[in-house]
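Structures given as structure tokens follow.
Presented sequentially are two complexes of subunit A, the first with subunit B as partner and the second with subunit C.
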Partner chain A sequence: MNYTFQFGIALDRLPELLQGALLTFELGVLAFWGGALIGLLGASLKIYGNRLLYGLAQTYVVFFTNTPALIQIYFLYFGLPEVGIRWSDYTCVLIGLTLNAGAYLTEIMRAGFVSVHRTELEAGETLGMSRFQQIRYIIVPHIAKYIYPAIANFFIVILVMGTSVGAVIGVDELTGQAINISTENYRWLEMFMVTAVIYVVLTFIASISLALIGRWAFRVKAKIF
Partner chain B sequence: MLERLANEIPRFFSGNNMILLLEAAGTTLLMTFLGCVIGFFIAFNLVYMRQTPGVFAAPLRLVAISYIEVFRRIPFLVIIYLVLFLIQAFVSNASLFSIAVIAICIYATAYTAEIIRGGFESVPRQQVEAATVMNFSRWQTLWNVIVPQAWPVIIPPAIAFMISFIKDTALVSQVGVFELTFRAKELNNQGYSGILVFGTIAFAYFTMSYPLTRFGQWLEARLASPGHQKRP
Partner chain C sequence: MLRTMVKALLALAVTVMLFIAPSQARSLDDIIKEGTIRIGINPNFPPNSSRNANGEWEGFDIEIGNALAKELKVKVEWVPTETPQRVPYLVADKIDISLGALTRNTERAKLIDYTVPLHTEVLAVLTTDKVAAKKWKDLDTSDITLANMRGNWTVNWIKENLPGPKLELVDTIADTVRLVGQGRADAIVENIDFFMAHTKNYPDVKWRVIDDPIFVAYCAIGVGKGNDDLVEVLNIALYSLHSGGTVNELWEKWYGAPMLVKVVPNPYF
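Here is the complex of A and B:
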């Protein structure tokens, strides 16, 4: 019934946890940018593509948004070696997360593309803007303003929910590192409390910087809280 | 590779395995549903707490806000481990299923609280002021003025959250609850091909998630007030 908390033991391992946090951040950023590229491609296919390309993009989105990221990563990690593709755990998590993020970002970006009205472009044309100017001054600011909050929010989701899945197949990111250390010193509760605090701090830093970037670059009033 | 699949498929789709997987799918759905519904009611109270006016209610508001902000920033996997070890430190024989439900509940509370708050704030302020002028109590204002207008805004995203959470509960397999992903790993460990097992499980999740997603979209279109209906 009585449990004595010993945070000292957990805090001694802080450097290792912070190393894990760095890997978490790296995974999150890489998966996000990979996903953003896929999302841009997917959204373009869905809007400008013919029926076949649209169907392809739509199948990808529907399939990846309706199955768990964990199962996708398990498939890469336990399934693909049977056809001779052996990736390390890190590669599997990175590719799985990228594909998963790509599906969600496709939908977010499509919403942004759709939000530009024809009339805005026509107004631009009337003012004698070139095609490049239209993209620079009408399309990009409009899309950025429209989708920036959603994308910033999604980055946090990947950074937290996404990367922690890696721990399950043994990537030493923050959660994985916490599991590793706890199996050595058996202070699971303290380790995970410290880990949770690190996650909160990490995402607060990310949220605040994203909000500031949004305000500075796109004049978006992104909410921090 | 193909030979191996051809050999294993009849064995894999045997009656025993299918019953096992169906039961596991039931567990997945049940714990998601329980966790999210309980979480919804707690979140409702949390939002009520958060919107209590007055200086003396400041600690209440602080508790509600920090709960929502903190638990939305911790990965579900970490919450599962925290709940598992916290409960096991004080209660010796808690069932894993109940631990999973509590973890889901904690997480769902934090997320649905934001959805509910969004719904409450979608009601024009003037209506609340009018209710105050007519001497409605806070509870009456909430129940007779805000909720009837807010629920078409709250219900669709809350259901969407619950459906998307069916997938995230896959992580609960880590602590050994007998749900779909856990059974999949078990079957894979028994020697069935990973492609076959995880392909099937992915399809199982898909058949649960996709129809529900479509239902959610239908409901959203149905509940939207005429002024807010999507442009075709």
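Here is the complex of A and C:
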């Protein structure tokens, strides 16, 4: 082996990497919650909507789950200016990831909706629950418990894999920062190894937070590891 | 939980080491024995290297690569390497030599070896009629955005010498020109020879080159650290390509103009 690893050089730049990690986390969280709202709407349309609304939601899901997020974001950044819409790099990544997440979360949430048994709602009615009470005490807890693991996994996917696409169009998130710094010190291997560890730590933090939220809010028996 | 975490991190570290541990560069003997040289070229860098309408590689680097392979009597395996991948690919022995206008500098020379220069590049400013700057120093204001590529040495040069402007970093030469063409950025401070071909995609933009060149750098062929036999053979081959006029002819053929500053062939290296 001709190469001598020099991790000191990479670790000196930790503050800048952590700055990137913070942006990664921010993008991941915002895109996830934005996507969750879209997902809720999309799932409702697919379950309760008429044929037209169902078709709209279905087209959206098929388009966004069958094309890479990289291409979607690239189109928002470099394609839209050709028709006069010029969003910042950050906006393009955020909107792209949100739309992408929304499509996947539509399907995940739809699965939750259809998992509620008719009999459970009838039982609620028998007990004299109002529509709101049925949603509050039967549907939401049921859906949350049923789709919690899928949603939590998806958050990690968005956080770790989704956000790094930003590096391609000028967003200095964790991967972008790692490339920027490597350009200066040429210690690509060390930089990316340190970056990989930061991603793992980010994922750990996200898993633990999600498990705690799940246990506290939805009484899901979420295992951390 | 801590134990699980430590285990996971260890597993990750081992995996990473296994996959990306740099290996010994392939020797000249290996290359000749296997009959193929792996040449790294930029996949989207006309007129240096790009695919033509038939999907075949063409350009200045391609002809130089073929000429070198002919000297070695081996076949070429083209390996597309984007700008930031050139040095890592050499370090990881994914390519034997790197073309792609690899500028000589001391930081890179600590990780890879170079041959004698192949061509020069002149650092200058490409902008549009919307920017009034007459000298490159005029760009040093905060209302200017400069387009460039991640992994490019000029990014650091700009940070040191033009600290004022904002930087927007993308992936390829095509995207860098697109940033200015679409009005996201105002100018490109780079070796602008390489960017001119892409300006044709934006015929409505009034492109202009600021008549104030910054400096001349030398691009050489990158070779894996310690691969001295290969460097020696390439240096001799390059000497004949330079002194016979092939390099300058190919440059004029592909760039449509002579190299702004020519490489002076030197038989002693």
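Basically, the second predicted complex is superposed on the first by the 224 of 225 C-alpha atoms of A that agree within 3 Å, B and C clash if a C-alpha of one lies under 4 Å from a C-alpha of the other, contacts with A are read in each partner's own complex, and residues count from 1 in each chain.
The criterion applied here is as follows: a residue touches a chain if its C-beta (ideal position, glycine included) is under 8 Å from a C-beta of that chain, and two chains touch if they have at least 3 such contacts.
Everything numeric in this text was worked out from a predicted model, so none of it was measured.
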{"item": "Which of subunit B and subunit C A:Y48 touches, first, second, both or neither", "value": "neither"}
{"item": "Touched partner set for A:A196, first subunit B, second subunit C, both or neither", "value": "both"}
{"item": "Subunit B versus subunit C as contact partner of A:W33, first or second or both or neither", "value": "neither"}
{"item": "Which superposed partner A:N180 touches (first subunit B, second subunit C, both, neither)", "value": "second"}
{"item": "Subunit B versus subunit C as contact partner of A:G170, first or second or both or neither", "value": "second"}
{"item": "Residue contacts with subunit A in the superposition, subunit B compared against subunit C", "value": "B"}
{"item": "Contacts of A:I71 with subunit B and subunit C, given as first, second, both or neither", "value": "first"}
{"item": "Partner chain(s) touched by A:F63 [first = subunit B, second = subunit C, both, neither]", "value": "first"}
{"item": "Touching partner for A:D89 - first (subunit B), second (subunit C), both, neither", "value": "second"}
{"item": "Subunit B versus subunit C as contact partner of A:P81, first or second or both or neither", "value": "both"}
{"item": "Subunit B and subunit C contact sites that coincide on subunit A, given as residue numbers", "value": "1, 3, 78, 81-82, 167-168, 179, 188-189, 192-193, 196, 200, 204, 225"}
{"item": "Partner subunit C, residues of subunit A touching it in the complex", "value": "1-3, 78, 81-82, 86, 89, 167-170, 172, 176, 179-180, 182-186, 188-189, 192-193, 196-197, 200, 204, 224-225"}
{"item": "In the complex with subunit A, residue positions of subunit B that touch it", "value": "1, 4, 65, 69-70, 73-79, 81-82, 85-86, 89-90, 167-168, 170-171, 173-174, 181, 184-185, 188, 193-195, 197-199, 201-202, 205-206, 209-210, 213"}
{"item": "Residues of subunit C defined as touching subunit A within the complex", "value": "1, 4-5, 8-9, 12-13, 16, 20-25, 84, 87-88, 91, 107-108, 110-111, 150-153, 155-156, 168-171, 175, 178, 182-184, 224-226"}
{"item": "Residues of subunit A defined as touching subunit B within the complex", "value": "1, 3, 62-63, 66-72, 74-75, 78-83, 156, 160-161, 163-165, 167-168, 175, 178-179, 188-189, 192-193, 195-196, 199-200, 203-204, 225"}
